[in-house]
Every structure is written in C-alpha cells, then in structure tokens.
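Shared between the two complexes below is subunit A, which pairs with subunit B and subunit C, respectively.
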Partner chain A sequence: MSAARKLACVVLVAVCVVSLGAQWIAPTGYAKQFREAPSSPPSRQHLLGTDEIGRDRFARVLYGTRISLLLAPVAALISTLLAALVGGLAGYLGGIWLRVATGVTDLFLSLPWLFLLITVRAVLPLNVSPLFSVLITFLILGLLGWAASARVLCTSAQSLGSSDFIVQARASGLHGSRLFFVHVLPNLKPVLYAQFWISIPVFILSEANLGILGLGVAEPLPSWGSLLRELEGLVSFRDEPWRLVPLLLLIIVMTSFQMVLSKEEVAA
Partner chain B sequence: MICRRIFLRIFLCSALLLGAASAQSGNELRFCLRAEPKTFDPLKVDDDASLTIRYLTGGVLVRANRQTQALEPELAESWKLSKDGKQITFKLRRGIRFSEGSPFSAEDVAFTVTRLMDPALHSSTGDAFRSGKGTVATKILSPIQISVTFSAPVIGLAGLFDQVAMMSSHASNKEAAVLGPFMVAEYKPGASVLLKRNPNYWKKDAQGRQLPYLDSIRLDIQPNRDVEVLRFKRGELDLINSIDTEYYDRLAASSPGVVHDAGASLDSEFMWFNQVANAPIAEYKRNWFRSTNFRRAVSEAINREDLSRVVFNGHARPGVGPVSPANKFWFNNRLKAESYRPDAALQRLQTDGFRLQNGTLRDKDGNAVEFSIVTNAGNKYRERMAVMIQEDLGKIGVKVNVVTLDFPSLIERIAQKFNYEAAILGFQNVDLDPNGQMNIWLSSAENHAWNPQQKGPETPWEAEIDHLMRSQASTADPKKRKEAFDHVQEIVAEQAPFIYLVNKNALSAVSASVEGAAPVILHPQTYWNAERLTLHSTAQASR
Partner chain C sequence: MLLWRVARHLLAIAGIALLGGLLSATLVRLAPGFDTDEHQLDPHLSSESVRALRQSRVGEHNVLRYYVGYLTGAVHGDLGVSHTLGQPVQRLLHDRWPVTLRVAGIGLLLGWLLATALAFAVSLSRLSAYEILGTTVSGAFLCIPAAVLALLSVIFNAPGYLAIALIVFPKIYRYSRNLLAKAYSLPHITAARAKGLGEVRILMWHVLPVAGPQMIALAGITVSIALGACIPVESLCGLPGIGQLAWQAALARDLPLLVNVTVLVTLVTLLVNSGADVIIHMVRSREA
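So, the complex of A and B:
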C-alpha cells in the first residue's frame, strides 16, 4: 500500500470517527438557534462561528459530514447492486438481454439526472421528517445512479463470459445461476468494489448539488450541500475564511476517496 | 529634435483622443438590468427590465411622486375626473415635442389610449383600466384637451396613467419617438442598453437649465448579483437599485456612505394555511386550518422581531397586514404587528380543545399537531424564516416540516392541486391603491391563496371582505374608500388568513460619485429622479 493511499485511509477514518462523535464533540447540536449571535465569527463557544440564523457551524459541519459519509455509501451500495444485477446479468446472458439492458442503460444515461431528481423530489409527500427526507434523497440518488456502473459491469461480464475458465466450466456441465454466482460474480468483485468506491464521492457531490439548489436534505438537518450554500454571495475569502471549512473538508474527502483506489482498480 | 516633435504630436493626439472619449462617456450613469428587456414597446411592458427602460424613456401625463406618493402633473398640465369616475379630461402642456421632433398633442393621447385598450395587444398596463365590459371612448376637445371615457368607473384612474407612456401617432418608428428624459440609442442583446439624453425633453430646472443633466445611461444586462456587487465595488457601476440584505451589510462594512436603507417597502412576506374544502389533506388538519383560533395562535407564536433582526439583519419590519406602513395613505394606523406571545397562543389553542402533552400539542381527538410549510427553493430568506418558525412553533409543541420545492412544482401544488398544508411566499406590491389587491381579497379570485375561486364566500368574514372591497371600488370618494379598506385590514388581522411576517426594507447602493440621489421605497428606488442626477466631476474624469 502506497504512502498516499495510507494517508487517504487515515484521513477518511479520522473524518468518520470525528463525525460519528458529533454529539460529544459539539454538544450544542446542529439545530439550536443562538438568535442573539447570528453570523458570528469563531469563538470559544462556536469554533467555526455561527450561520445566518445563529446555529453552531462546527456542529453542523460534523453532523453534515456524518450524514453525507454514512448515507452516500448506502446509495452507492444500492446503485452498485442494481448495476450488478442489470449489467452483470445482461453481459453474462448476452443476446436479447444484452440489447434490452444496453437500451435501458443508455436511456438512464441520457436523462438529465438533476431535473429528474428535482421532479422525483417534487412529487414525494411533504409531511415527512427531516431524517426520512435525507433517506429518501439518498435512496433516489442510489436508484437513479446505477447506469454508468452497469455499463462497466456489462462489458466486464461479457469478457468474462468468453474467458477460458468459464468455457471450461460450461464444458464441465455447469450452467445457469450456479455458473453465474460461483464463477462469474466472484470474478466481478474487483470491478464491483471499484464501482462502489467511485460512486460514493459521486453521490456526495450529487447531494451537494441538490443541497446548493435548496432541494437536498430538509431543514434543520445539515448536509454538505446545505453547508456549501453558505458560500453563495461570498465576495471575499479574506473576510470570513472559516466559512470555507465545509468546502475544504469536501475537497479533502473527495481527494481521499480517489487516493484510496489503486490505479488498477480505477482502470477496472 | 525630430524625435521630440514626433513624440509631442503623438502625446497631443493621444490626449485629444482620450479627451474625446471621456466627453462621450464621462457624464454617463451606469447600472445593471437583471434580465434582458422583453420589449421596447411601452404599452406591452410586463417585466422589470422593460419597466426600467419605460420609466427612463417614457413621458406620462401624470406622475406619482416617488418621494411624497402624491400625483403630480407631467405632460398634462391638469386633469379633471367626472363624479361617476368614468371620465377623465386632460389639459396638456403646450410646446412639447417628441425626441424625433414631432409635436405632442391630444391626438397622440387618443392614439395611445386606443392602442392600450385594444384587447389584441394583451397589455397588462391596459388590464388595470378594464373595470367593465365595453369600449373606451376618446374625444379630442382641442389640440391640448382630451377626454377619455370608460364604460364603468375606474378607481384610482388618474394614478393609473403613471404607467402609460405616451406614444406618437405620426412617427414611423413609434418606439423610438419618446417624451421622457432619455431615449434608446443602442441595444446590444445580452450585453447592454444605451440610453442617451432626449434633446427635446420638455423639463427645465429652477435655473432654466435643460434637463436631464446626464448625457447618457448605460444599462448592463447582468443577472448575477455577485458580479453586480463586485463591479459596483470596483467603481464600474454607479448604483444598485435593489440590493439583498447580505450584500448591503458587506458594502456597508467597507463603504458605509454608499448604502441606503429607505425603510419598510411595500413588499410583504407571509404564511398561510390551506383551507380549500376539497384539498387532499387530512380532515382533522383542515379543521385546524379553518379555525380562526388555530391561525391566530400560530401567528402569536411566531417571533417576528427575531425574523426581522436575524433573517434580514434588521432591514425589515414585523409585518402588520395587507398594507405596508410605508403606504402612507392606505395603511390602517390602528393596527400593530402581532406580538410574540407563546403563552397566549397556548391559551387560545386550549379554547379549541388543544392540549400540550409531554411537549407535543394534541388536538381534542388526540392527533399530534404536525404540518409542513412549503416555500420556493433558492430563496434563502424564506427558507431561513421557515426554519425559525419551525423552532418557534416547536416551543408550543407543534412539529413543522420545512419543504423547499422548485418554483413550478410549488405553484402547481398551491394553485392547482392544493396539495400542501401551509406555505410561505411574498407579494411584491407596486401599486399603492388597494384596487391592485382585488385579485387577492375577493373570495372568487384566483389569488385568494388560502381558498381560491370560491363560488360564493364560504365564511361570513370573507363575505364581509367581498362586500367591502366591492364598495370601496364603486366609489370615487377617497374617505369612504379608506374607511372600507381600513375595515378589510382589521378583518384580516382578526381572522389571519394570511399570517404577515415581515415587510422588507428598500435597500439600495448609490456611488458617492452620483449627486442628487435620494433613494425611496417605491420603484424605481434610486433613479426615480434620473433627470436630475449628475455625476461628480472626479468620476467623470476617471472614465
């Protein structure tokens, strides 16, 4: 394992641990409004100052990080499983299954996903708790974000299907689901793993995009998207540099996710 | 020696060229339009950018003074309204010419009014005059006298002419012939509109100097507010007509002299509950929303002072009712903004059978009080108000879910499917007269947001409002109209169909190089007296 990869792992673990301990590190909570001190600079009481309605920014960064880091992998897992199901099976079965799956994948890839997300979000019930809204947001992201991975998995499964050991397994009388689950799927694991890992930052950024538009996680729950909205209208970085902390954290985490993967896994 | 002469000639030529350039653009005011103007036809104006151009180029018969809010004669020297409110007779000023040189007469007024009222034009300015069926008759009494007769009384008739820019009946290019202080000289789509002074403008100052003082106004098309503020800070723009609280405070921190807070504007932000009879919401929730006590209690549990201070950094006033205190004549002075009284709110709720159990408010059937508030995504002020209301109502045991939706989805829910529980939106009022609010207060109106398009008023108080609004619209007597509309405001305060939150202040920024600016609350806040604005000589020299 290279030094950069080790460093990335350490950073990700550290960020996860700190965000999981948010209730002890920042006991004020993410929702309490200190209305006498809105938009205040960093102080002993508020390490990163307060936001526009007086909520502790440090607490919101920690809780927002927790939400993004916990739920983005869930969305990535959903999308990778869907991709494995659609792409893997289509590549393995070939024929009409391959053509249908390719068509469906192309259709999903051609959809303007941001507008689709906004539309799906708009038809959901209104009276749901913030926690449920965050689950829905990431679930939608997971359900809509499988197409690119499916295409990769489809190509991998196709090449696996014509490999010598599969031909030999077929010749030995192995067919159907047993061949798929015993020989094909285990050999797709590195690709699945890489796709899962690559999808996490994609979903974090997708939620951030929705959040910037004000359509992500419901208030008062924080997320990186809603935290990044604070940068809207920031004319000078020098005046309030502490407001850049969520952005820096996002960049660090995204970079770490990229560094965790080896070159071979990225290529896969 | 030869080299020195050549250098001197080059230097002199450069100086002359620079001088010429500064003479061209030196006395030029610059500010931004936030969108492309949709039209240069003054009678078809329907958007802010076109409205700006119409204000600066159009000549009107009557002008509402943006500072005093009183009507003043402009192209019309005087006017007379008939007792029945159907007819207005104008006496025009003599010797006025359009920008291309043709004389202005009653014929042009007749042409403008006839075109304005042509249904095929689909003029929203013209719609304001349509009080009844039938046509509009114009009668030219002399070259400087004309009467306009409507089929039904038009309330606030004279004031409506503030929006009607006169057009030439003879000019071949009608949009180019104007009577205002400036005329459109150049339009670069997506970039800018250049207005140059109208050489035939009729007004002179007290010293007899021809107005306007400025040579030109350059309107840069710039939708991005960050860029607008940056350019203003760099000195590339001279004013920002309407500025957000955050930008205002940042500018105030660096250069306090350039920002202006003119006080509460006519704009209001408010919340309301869905009271539509067949809306797809739970029956018990509809019963809460239709209860006056419930609405009043929610109103009492909202801390408006905090909303004004925290969300708008003090650049807003707690909302009182349908009319902003900035509207000097129509505001009911007997009304005050609802005070923050969570204890009183709980007491009021108890009268309807609600009770607080383990921190959760429950109705008489044991249902926990929970509802969602929708607002438009991207409007950070409304989102922040919703979150603060969420916390305020949490203190009386009410659980609020804040939902932000893209604007088309929001409008579909609140105006077509009625699939929502509560909403926060705002009105941008440009009309001082309550007649401009008929489409809100009549129970049959589309914008009667809490329960629109009723076949007949569903509650006695809505019937009373219908009656009062119609009676104020049927008389030209300002005193009687004021009495009726004061009563409407009292009913609205008592019944709280809209829970008024704040009136935002009119904020603007004007560079120190601009002389004569006196920002006001009415649109256009900063350049309402554009003809009398000048640029400081140092600013001219730097351009």
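So, the complex of A and C:
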C-alpha cells in the first residue's frame, strides 16, 4: 500500500472516529439554540461560531459528518447488492434475462442522475420528520444508484461464465444456484468491493446536492447538504472564513476516498 | 447498414421513452396525495363542489387509462397543465428550453476546451509537473458538489455556464487524459517518434484516430452530465431554464410537470447518445 493510500485511510478513520464521538466532543448537540449569540464568530465556547439561529456550528459539522459518513455506505451496500442481483445474475444466466436487464439498466442510465433523484424524491412526501427524511434520502440513493454498477457486474459475470473453471464446473454437473453462489459470486467479490467503494463518494455528493436544493435531510438534523446550504447567505469569504469548514472537510473526505481506491479498482 | 443502425436507435429510444413514461405515470399515480386537490380544503366550496372536484379525478385512478390519456394528449401536443404555475406544460417547456440550451451549451463548450487543452498539453509535454497540476485540479473539482459550484458562482458573480464548465471539466479531463495516455503508449506511435515524426503530426494522424471515437462517445455522456448540472446551477443562479423548472416542480410536488420535464430531458440525452453512436459507426466504417 502506497504512503498516499495509507494517509487517506488514516484521514477517513480519524474523521469517522471523531464524528462517532460527536456527543462527547460537542455535548451541546446539533439542535440547541444559543439565542443570545446568533451568527457569532468562533470563540472558546463555539469553535466554529454559531449559525443564524444560534446553533453551535462545530457540533452540527460533527453530527452532519456522522450522518453522511454512516448512511452513504449503507446506501452503497444496498445499491451494490441490487447491482449484484441484477447485473451478476443477468450476466450469468444470459439470453432473455441479459436482454431484459440491459434494457432496464439502459433506462436508468439514460435519465440524468439528478433529474431521476429529484423526481423520485418529489413523488414521496416532503413534509416528513427529520429521521424519516434521512431514511428516505439514503434509501432513494441506494435503490436508484445500482445501474452503473450492474452494467460492470454484468460484463464481469459474462466473462466469468465463459472461463475455463466455470465450463469445467458445468461439465462436472454443477448448475443453477449452487454454481452461481459457490463459484461465480465469490469471484465477483473484487468487482463488488470496488463498486461499493466507488458508490460511497457518489452518494455523499448526491446527498449534498439534494440537501443544498432543499430536497435532502430535513431540519434540524444536519447533513453535509444542509451545512453547505449555509453558503447561500455568504457574502465574502474574508469576513467569515470559518463557514467554509464543512466544504473543506467534504473535500478532504472525498479526496481520501479517491486516494483509497487504486486505479485498477476504479477501472474495474 | 447505417440506416438500419439509425432505425434501431430510434426504435430503442421510442421503447425506452414509452417504458419510462409508463414508469413515471405509475409513480405519479402511486404518489401520496395523488387524488387530492388543495381546492377541496376551501371552506367556501359546497359539498357538491368538493364531490365534483373528486369526481373530476376519478378517471386518473387507473394507471393504464391515465397513461393512455397522457399519451393521446402528448401526440396532439397537449402535455397537461402545471398545478402550481397554472400554465400549459408545453408553453413552459417552450419558454424555458432556450435558456437551458444556452447555459448548458456554452458550459459544455468551455468545459471541453479547458479539459482537452489541458489533456493535450499534459500528453504532449510529458512533464510530471503538468500531470500533477492536471490531476490535482480535476480531482479538486470532482470533490465539490455541483450545487456548491453553483453557489460559488453566485458568490463570485460568475456566469452560470462557468459553473457547468467546471462541473463537466474534471470528467472530460480524466477520461481524455487516460485515452491519450493509452494511445501514446501504442507501439506504432513509439516507432513514429523514433523515426522523428513531429508531435503535431503524430497527434493528428496517429493519436486522434485511435482516441477520437471514444471522445465522441464521451461527448454524448457529457451532455447528460451538463443537463443534470442545470438543476442546481439554474436554481441557485436564478436562471429561468428547464433545471429551475424541474426544481420548482419538485419542491411544489407538481408531478405532471416534473414527469414531463424528466421525459423530455431523457429523450434529449438518448438522442444525443444515439447520435454519438451513429457518428462513431460512420468514422469506424470509413477507417475500415
């Protein structure tokens, strides 16, 4: 493992650990209002100042990071499992299954990602509890983001299906689910792993986009999307540079995800 | 052969559009609050009027009947009326489409110019400093959400198309850089260099014919990315285009309008990608 990848892993682990310990590091919580100090600059009490309604920005960054970093992998897991089911099985079975799966995948991929997201998000109720909005947002990401991975997995399963050991297994009388689960699926693991890792930063960015557009996680729960939305009222960076901290943290985490993945894994 | 390919693409587009439309109609039908109208809450309306309002939507309960009705209307140029804006969807699309075409078009042009210039400079110079610069700059823009780039363009008073250019730039740069690197590593190009052929001649005669078709495919994909980026850029920069219309429709849950916008954008994306595929086929058949 290269030094850059090691550093990226350390950064990701550190950010995860700090955000998981949010309730001890920032005991004030993300929703408590300090009404006597709205929009205050950084101080000993509020390390990153407070927002327009007096909530501690440092606490909100920690809790928001926790939500995005915990739920994006869950969404990535859902989409990777769906991709394995659709793409892996279609590639393995071939024939009509392959044609149907390719058609459905093409349909999903022909829709621009953000258009698809906001359409499906708008179909579901918008005035819901914050917790439900978190679940809806990441569930949508997981359920809609499988198409690109499915195409990769379909190609891998197809090439695996014509490999020597699978042909030999078939000749030995192995068929159906046993052949798929014992021999095909375990050999798709590296591709599945790569697709899972690639999906996490994509979903983090998508949630951020939805949040800024007001279609993501509902207030008062913070997420990177709602934290970045605060930039909307920013007039000058020089006056309030601390408001850029969520953006900087997002860039650091995203860069770390890019560095953790090797070129071969991205190509896979 | 070419005609058959074009016909196949058109058939596929029609099939996907019909299937996509049916899926959209099903989504609209199943959406919570589909058959309710806020006018029903008006205390001035009598119970007969409320019943009449409910009755007017009974025909929309059956998904297939609703979809057939929508398709019949669409064929005759009637895409329905926006619930929130109170205007025909067709007129809204007609008024907003030029803004999106201009913003996305200029943004794409700028993004392509910036990315390919940098990719060619890195490939031709073969200096690691340029390589590091290109990777860092494109990597940084890949890490920033499209909506944040749109917000930054508002803060810096920059035009919306610049945000679109910066959103598509990293994707074009990384892909074209990889394509050029792959093409430059081919043995016949190494041989051409060894024979003393100029860099421009190598690029024009040996590298571009190899990388060209995939660049055309990338052009089709970037149209889709640019159209997607129009949602945050137009919404946050206050540009009255299709992206802003989709966002307003999503916030107001104006589903008929949103579905029409999405179907339109999907059709444009499919047409552009199919066009790119036909061009690639023409280029390859001429080479053969």
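In the analysis below, the second predicted complex is superposed on the first by the 256 of 268 C-alpha atoms of A that agree within 3 Å, B and C clash if a C-alpha of one lies under 4 Å from a C-alpha of the other, contacts with A are read in each partner's own complex, and residues count from 1 in each chain.
Rule of thumb we're sticking to: contacts are C-beta pairs under 8 Å (C-beta built on N, C-alpha and C of every residue); 3 or more make two chains touch, one makes a residue touch a chain.
Please read all numbers here as calculations on a predicted model, not as lab measurements.
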Superposed model, subunit A: greater residue contact from subunit B or subunit C: C
Subunit B versus subunit C as contact partner of A:P130, first or second or both or neither: first
First (subunit B), second (subunit C), both or neither touched by A:L7: neither
Subunit B versus subunit C as contact partner of A:A122, first or second or both or neither: both
First, second, both or neither for A:E232, with subunit B first and subunit C second: both
Touched partner set for A:E52, first subunit B, second subunit C, both or neither: first
Contacts of A:S110 with subunit B and subunit C, given as first, second, both or neither: second
Touching partner for A:L205 - first (subunit B), second (subunit C), both, neither: second
First (subunit B), second (subunit C), both or neither touched by A:P38: first
Contacts of A:L213 with subunit B and subunit C, given as first, second, both or neither: both
Overlap of the subunit B and subunit C footprints on subunit A, listed as residue numbers: 118-119, 121-123, 126, 213-215, 232, 235
Subunit A to subunit B touching residues, read off their complex: 31, 33, 35, 38, 52-54, 118-119, 121-123, 126-130, 133, 213-215, 218-220, 229, 232-233, 235, 239
Subunit C-touching residues of subunit A, taken from the complex the two chains share: 103, 106-107, 110-116, 118-126, 201, 205, 208-209, 212-215, 228, 231-232, 234-235, 237, 247, 250-251, 254-255, 258
Subunit A-facing residues of subunit C, complex: 12, 15-16, 19-20, 23-24, 27-28, 30-33, 139-140, 142-148, 151-152, 154-155, 224-225, 227-229, 231-232, 235-236, 246-247, 249-251, 253, 255, 258-259, 261-262, 265-266, 269-270, 273
Touching residues on subunit B, where the partner in the complex is subunit A: 225-226, 229-230, 233, 244, 246-247, 250, 306, 309-311, 313, 370-372, 374, 377-380, 383-384, 386-388, 390-391, 401-406, 409, 419-421
